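In the two assemblies presented below, chain A is common to both, partnered first by chain B and then by chain C.
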Partner chain A sequence: MSFITSYCHLNNENCSVNGEIIAERDRESEDSWFKQLYKSQEFVYPKFYKMDTLSQSGYLLSEMIKRAQPSLITSYNDDEIAMLFANQFSSADSDLRFEKSYKEQGTPSPALFVYTLPNIVLGEIAILNKWYGENMFAVLPKFAPDFFVNYIDILMSAGTKAVLCGWLGITGEQVNVFVFLVEKEGLAGNEFNTGNLAQIAGPGLL
Partner chain B sequence: MIYIGAEEIISPLGETAAKNFSAMAENRTGISLIPNAGFNKISVHLSKILSLPQESQFENLTASMLISVSGKIDKNVLSSAKTILIISSTKGELKDNMTDPFGQSVASLMARFELVNQPIVISNACVSGVLAINAARNFIAARLYEHAIVIGCDLISDFVVYGFQSLFAMSDEPCIPFDANRKGISLGEGCGAVVISNTVSIFKESPLKLLQGTSANDANHISGPSRTGEGLYRSVKKTMEINQISDNEIDFISAHGTGTIYNDEMESIAFDRLSLTDVPLNSFKGYFGHTLGAAGVIETAASIQMIRKEILVKSLGFSETGTSKVLNVITENKKAKLHTILKTASGFGGGNASLIIQKL
Partner chain C sequence: MDNLKEDLKKQIIEQLNLEDLQVSDIDDDALLFSDQGLGLDSIDALELIVLLEQYHGIQVVNPDEGKEAFLSVSTMADYIRKRKAEQIA
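Right, the complex of A and B next:
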């Protein structure tokens, strides 16, 4: 058996950790919403500014998960933590920006091109944490609790002890991001199954 | 036991695995100089299928592939509730729909072929194909499905050509992986497929055995390979250990071998750390170019053909060692009975994946 030990939601208006809102967007701010979060949480990782929005969202929420559940950084070997992320539209936002660089701005931008793959966010999180575990990014028409439950069971039966998971719904101005951590030890009531996962994910995702 | 077979390849070299293998046995390449295909109208070397329709290329190619593959297996498998379709691709139908590169194509495949289960797209840069085959096996081993059809497909577009040009990663000659004079990649397009199943009788031609594969991240750089080959080393080591396969049992390595200075060097270091430098090795990129998300599936299908035909196909373009660790790169086609082969892949985002196939 395994357990959902921590989770974060990020939408256009606010960000919550384990169901508690920790930050609300200031529409008057000159900073982007993700930059507001980066500053208000006092994160220090200058590479954040180079990342695309997919990677920024993954970075921010994985850091929040680590704060909420420090066992993630203390209890596991570097290859025992896997990552399983998914979304509906792959890296569409970055793809559009890269296309603009050669169609409208005169030259293809290598700095944008390297983010035109949805799995780059997994690389960013792996680099920051020195995690050498299994990684997968899937593209699905909608958030599918079954997919996560089935594949995490598979990973856990092959040596993985914790899985950082995410649904990175970012398109244009719409933000619907959900990141959660599954571990082998946890509290009763938070068992990792499709029912609990669907409930924690909330109506915005299903 | 879990089986793999019914391999197919659509590439500039032909529209079946057999035709592709014949071309490879004659050491023909799909790469040619395509006029004005690069940014600022420069001509670039690509492995391009010249006969593709202008629109819906991804959907058309994957649909053609599903038709070919279903002819090589029991006709009831495709629309069975126990079958999953897994697609590996980086960019899908990007040319027609950049904001939703997979949604429409996958939905129409589902409707047209009456697929029961929602297909899964795996998009993990250049390791997508090997990862998809490993995922398929995992699903079957966990008894969630009995059969999986894995299709890898990626197309050449201005988008990817200009992107790799912007990174200065493209060779101005056909790519020559592992060679001292290598200058970068040649992009390719194509579609590969394999069927994975727990039931030997669904295959019209005898399948092979697919062992459990693994992946590992380099945790090093999003677009540059690790200097120590750490992720590739870890993935291959894990794959060999869980299957209790020793280095001297491996008869052939289908390496990733993109033809860039740093990737090929990284692979040589990883294979050296794994004591695999004596094993005959090639890169199929000299035949197909780098087909990105399709590469792992196309190259696995090509490797299966090599086992069936008992020929080690030379690594096209290679003539002089160009890596700090000397690999046993195949320089001439030769007859060989192959029993156990290793397929590896490495890519952007720090991904590395490996799998092992054995003759029954």
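Right, the complex of A and C next:
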């Protein structure tokens, strides 16, 4: 049996951890919403500013999960933590920006090009945390609890003990991000099944 | 205020797509390729080489020279001034 031991939601207006709002967007601020979060949570990782918004969202919420569930850092070997992320539009925002840079500047931007794959976000998180477990980024028509449950069952049966999961809905100005942690042994948490996952994900994703 | 350093900061933000950063967020002497600075990597080094050519007409052909030039905004400014002086001389 596995458990959902922590989860975060991020939308255009606020960010919550385990159902409790920890930050609300200041529409008057000159800073972007993600920069507001980065600063308010006092994260220190200069690479944040280089990332595209997809990777920024994954970075921010993975850091929040680590704070909410310190066992992720202390309880596992570096190859016992896997990552399973998904979204609907892959890295479309960065793809379009890269195409624009190609057309308007005459030369493509390498700094944009490196983010034209969605699984780069997994690389960013893995490099930062030195996690060497399995990782996969899927592109799905919509958030699918069954997909996460089935895939994580396979991962858990092959030695994985914790899986950081996420749905990174970043399209234009729309932000709908949900990141959650599944652990094989959870002292407290919701049993990991499709019903509980759907309930925690909330109506905004289903 | 050193206009060249301010211009360089704006150009770095533009060239590297660091849209969330402002000029005031970058210290003159912060190490560009360190996690204590901007955390740049080898891809960004390519962008800085392009930047020097596009904005300042300077080609970096010696990799060792580039390593020293790209330490910080201050060293980049020093490098530009030195190369421009050489061009005039």
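The criterion applied here is as follows: the second predicted complex is superposed on the first by the 203 of 206 C-alpha atoms of A that agree within 3 Å, B and C clash if a C-alpha of one lies under 4 Å from a C-alpha of the other, contacts with A are read in each partner's own complex, and residues count from 1 in each chain.
Note that in this section contacts are C-beta pairs under 8 Å (C-beta built on N, C-alpha and C of every residue); 3 or more make two chains touch, one makes a residue touch a chain.
Every value quoted in this text rests on a predicted model; they were computed, and no experiment measured them.
**Student:** Looking at the combined model built on chain A, do chain B and chain C fit side by side or clash?
**Tutor:** Superposition result for chain B and chain C: fit.
**Student:** Give one of first, second, both or neither to describe whether A:Pro46 is in contact with chain B, with chain C, with both, or with none.
**Tutor:** Once the two structures are laid over each other on A, A:Pro46 reaches chain C alone.
**Student:** Thinking of the overlay built on chain A, is A:Ile21 touched by chain B (first), by chain C (second), by both, or by neither?
**Tutor:** neither
**Student:** Once the structures are superposed on A, label A:Ser90 by its partner contacts, choosing first (chain B), second (chain C), both or neither.
**Tutor:** In the superposition, A:Ser90 touches chain B alone.
**Student:** Taking C-alpha centres, what angle do chain B and chain C open up at chain A, rounded to the nearest 10 degrees?
**Tutor:** 80
**Student:** So, does A:Met136 touch the first partner chain B, the second partner chain C, both, or neither?
**Tutor:** first
**Student:** In the overlaid three-chain picture, which partner chain does A:Phe34 touch, first (chain B) or second (chain C), both, or neither?
**Tutor:** Only chain C; A:Phe34 stays clear of chain B.
**Student:** Answer with first, second, both or neither: which of chain B and chain C does A:Ile73 touch in the superposed model?
**Tutor:** neither
**Student:** Which one hits more chain A residues, chain B or chain C?
**Tutor:** Of the two chains, more chain A residues are contacted by B.
**Student:** Touch check for A:Asn119: first (chain B), second (chain C), both, or neither?
**Tutor:** A:Asn119 sits against chain B, while chain C stays out of touch.
**Student:** Rounded to whole Å, what minimum CA distance do you find between chain B and chain C in the overlaid structures?
**Tutor:** It comes out at 7 Å between the closest C-alpha atoms.
**Student:** Of all the chain A residues, which ones make contact with chain B and with chain C?
**Tutor:** Shared contact residues on chain A: 107, 109-110, 114.
**Student:** Sort out for me which residues of chain B touch chain A in the complex.
**Tutor:** 39, 90-92, 94, 98-103, 106-107, 118, 120-125, 131, 135, 138-139, 141-142, 144, 158-159, 162-167, 212, 214-223, 230-231, 234, 238, 242, 348-351
**Student:** Going by the contact rule at the top, pick out the chain A residues touching chain B in the complex.
**Tutor:** 78-79, 88-90, 92, 95-96, 98-99, 102, 107-110, 113-114, 116-120, 122-124, 126-127, 129-141, 144, 147, 150-151, 153-154, 157-159, 171
**Student:** Okay, in this complex, where on chain C does chain A touch?
**Tutor:** Chain C reaches chain A through residues 15-22, 25, 35-40, 43-44, 46-47, 50.
**Student:** Given the complex with chain C, which residues does chain A contribute to the contact?
**Tutor:** These residues of chain A touch chain C: 30-32, 34-35, 38, 45-50, 97, 107, 109-112, 114.
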